[in-house]
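The two complexes that follow have subunit A in common; it is paired with subunit B in the first and with subunit C in the second.
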Partner chain A sequence: MTAGATYTSIASTTLSSTASSVTFSSISGAYTDLVLVISARAASGNYHTLKINSDSGSNYSRTWIYGDGTSASSGRQSNASFIYLVTEVIPSAASTFDTVITNINNYSNATTYKTIMSRGNNSADQTGATVALWRSTSAITTLLIATDAGGNYQIGSTFSLYGIAAA
Partner chain B sequence: MATANTFVQIGSTVTVGSGGAASIEFTSIPATYTDLIVKASIRNATGLDHMLLQFNSATTNYTEIIMRGSGSAATSYVLSTLIPSTNGLESGYVGSDTNIFTNCEIYVPNYAGSNYKSASIDAVQEANSSTAYMVLNAPLWSSTAAITTVTLLGQTYNFAQYSTASLYGILKY
Partner chain C sequence: MKIGIMASQISGHLTPATSYESIATTTLSTGATTITFSSIPATYKHLQLRTMCASDSGSAEQALKVSFNSNTTTTDYYAHRLNGNGATAGVYTTQDFLLGEVASTGSGYAVNVIDILDYTNTNKYKTGRALFGIDNNGSGFVGLFSMVWMKTDAITSITLTQNTQIFRTYSSFALYGVK
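Showing the complex of A and B:
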């Protein structure tokens, strides 16, 4: 049996002009899991957010842990209308980008709620992890990544979506 | 939609031999890929130590924020607190317990680009004892040079036999 590709680039965006959001739409159900990798700069004071399938209902919750160089903390939020992907602020300094890796397992099933796990890294602010839940049984077909305060992502920011296929 | 596999091993897995090794190094990394991933399984033969990460053999321009769980407390600190010689990035605790290896994963997006290099490091060590360490690290190498060499090294002690590290490239289209 010839092995198929199990880690595939679905789509990728490198910003050539500033933008307050990036959308991956028409995501195929051909894979088992999704991996979203963000390397971004943004206007000062903005955080990464995620909405799934354009759902703005109070269907999201999250629990987080982070370290800021002084102490480690954990907290949570229920019944939110979007997800803060991670707790770190997006860097704004020149040439400085963060690294955010998000895993969405079993994203295309139409039976269960969807759990999202993210690792955020900004060496000038925080390192941390966030687990989120989208209380919907719909298959995920659209991801909207946006800044929370409407500030723009800066030129050179990259957003890459990968699909992992079970063999 | 592309269908090619985008997760590709670069070179071969390095396995430390019976004499131990001060470091594991991947050199001449091509700019063919978009992101790099290092997966390592590391032990030493002497005692608890920090594993460090260097890019292009540089010993300067590293900053990081670390969160550490020890089994009894969660703390956060910056590079200089626990690593007096700021010559690399914290990549986890490594111990000498028999058959116990620290797992470490390093993700470096846009490694060949001209911006500073941000990364993500996760490292875990478990020894069935009262204290073990897991580390989440937000590192930055403030250099615009493309990364062509990745080095893992013990801060004080050599890596022990059967320690392994593999380098992967991620392609996007």
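Showing the complex of A and C:
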């Protein structure tokens, strides 16, 4: 067995001014998996979305589960033009940020569709998990994270992308 | 990610240090029934297994079987699962070595991120947890697994199987150590 250090920071941004989206572009194909870590606050009533490689076609789908303190629920969406990363609303209250960690495994292979799996946590709303499929065999080179209703991410929101390379 | 100073560069050059290392990986170029990581070094604190896997033609979505040290006695394990199938949230428990999901005949592959904590500790039963998901544009599952192996042995090998099915070509399995 071989061993090599990995889990490398690719890029990270902390918003110093509000923004409705954050883009990671020219993502290197040097890794095996990507991990996207978001800690965000936004204008009221917005949700996290993701588009890959600027694809706005109906090539996305997702299945989710969440618990809101009262009950657990599950649902799905097919043939969507973007992914809702998780089901929780992005917090808008002062000093309140959610945590969303997204795994994108084997993102650079040009053979399989890509599966995107996220865990979301907004303590004022819910906790849950979402798995999504991007029906493309293209290597992922760009990630666009945006709010669904056009509201801005607030100052202090952080977006970090890591790469994990298998031996 | 931690930032450290290499001993060989004590003049002050900063270099990235990491506590997360790749141990071994397998990507299938042809179908396989069993994936084994053996001779796992004891130099880490925790293990993480990251998989992307699907079954061969005709198979349904099913649990990923994860056994330790070649122990396939189901009563030595206990698993709990919380999942959503796109319509309802459900729970499941069994005495078996289940710790993830394998996709069916659709085009998607199931993704599993599995953590196995304190795997060398000989005073503890070993607990694993998984975040798993598979979506096929109209079907799929997403959820959480936990599994206990009721043995105090240090884990030195991990075997991944399904009930009887074959892992499909391009399925990949990567093992990492966390210090």
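Just so we're on the same page, the second predicted complex is superposed on the first by the 163 of 167 C-alpha atoms of A that agree within 3 Å, B and C clash if a C-alpha of one lies under 4 Å from a C-alpha of the other, contacts with A are read in each partner's own complex, and residues count from 1 in each chain.
One rule holds for everything that comes next: a contact is a pair of C-beta atoms (placed from the backbone, for glycine too) under 8 Å apart; a residue touches a chain by one contact, two chains touch by 3 or more.
Computed from a prediction, not measured in an experiment: that's the story for all the values here.
Undergrad: Assess the superposed three-chain arrangement around subunit A: do subunit B and subunit C clash, or do they fit?
TA: clash
Undergrad: Could you look at A:113 and tell me whether it touches subunit B, subunit C, both or neither (first, second, both, neither)?
TA: After superposition on chain A, A:113 lies in contact with subunit C alone.
Undergrad: Between subunit B (first) and subunit C (second), which does A:123 come into contact with in this model arrangement: first, second, both, or neither?
TA: In the superposition, A:123 contacts subunit B only.
Undergrad: Just checking: does A:48 make contact with subunit B only, subunit C only, both, or neither of them? Give me first, second, both or neither.
TA: In the superposed model, A:48 contacts neither subunit B nor subunit C.
Undergrad: Going by the contact rule set out at the top, does A:133 touch subunit B (first), subunit C (second), both, or neither?
TA: Only subunit C is touched by A:133; subunit B is not.
Undergrad: Quick one: is A:166 in contact with subunit B, with subunit C, with both, or with neither? Answer first, second, both or neither.
TA: It touches subunit C, and subunit B stays clear.
Undergrad: Just subunit B (first), just subunit C (second), both, or neither: which does A:75 touch?
TA: second
Undergrad: After superposition on the shared chain, which partner residues are touched by A:103: those of subunit B (first), subunit C (second), both, or neither?
TA: In the superposition, A:103 contacts subunit C only.
Undergrad: Find the residues of subunit A that appear in the contact set with subunit B and again in the contact set with subunit C.
TA: Overlap of subunit B and subunit C footprints on subunit A: residues 5-9, 65-67, 71-72, 74, 119, 129, 162.
Undergrad: In the complex, go through subunit C and note every residue touching subunit A.
TA: Touching subunit A from subunit C are residues 1, 16-18, 20-25, 37, 39-41, 50-52, 82-89, 107-111, 113, 131-144, 170, 172, 174, 176-177.
Undergrad: Across the complex, what residues on subunit B touch subunit A?
TA: Subunit B reaches subunit A through residues 1-7, 34-35, 63-69, 74-78, 107-110, 113, 115-116, 118-120, 122, 136-140, 142, 144, 170-173.
Undergrad: Can you list the subunit A residues touching subunit B in their complex?
TA: 5-12, 28, 37, 39, 65-72, 74, 88, 91, 95-99, 101, 119-129, 156, 158, 160, 162
Undergrad: Quick one: in the complex, what on subunit A touches subunit C?
TA: By the definition above, subunit A touches subunit C via 1-9, 32-33, 61-67, 71-76, 78-79, 103, 105-106, 109, 111-113, 115, 117, 119, 129-133, 135, 162, 164-167.
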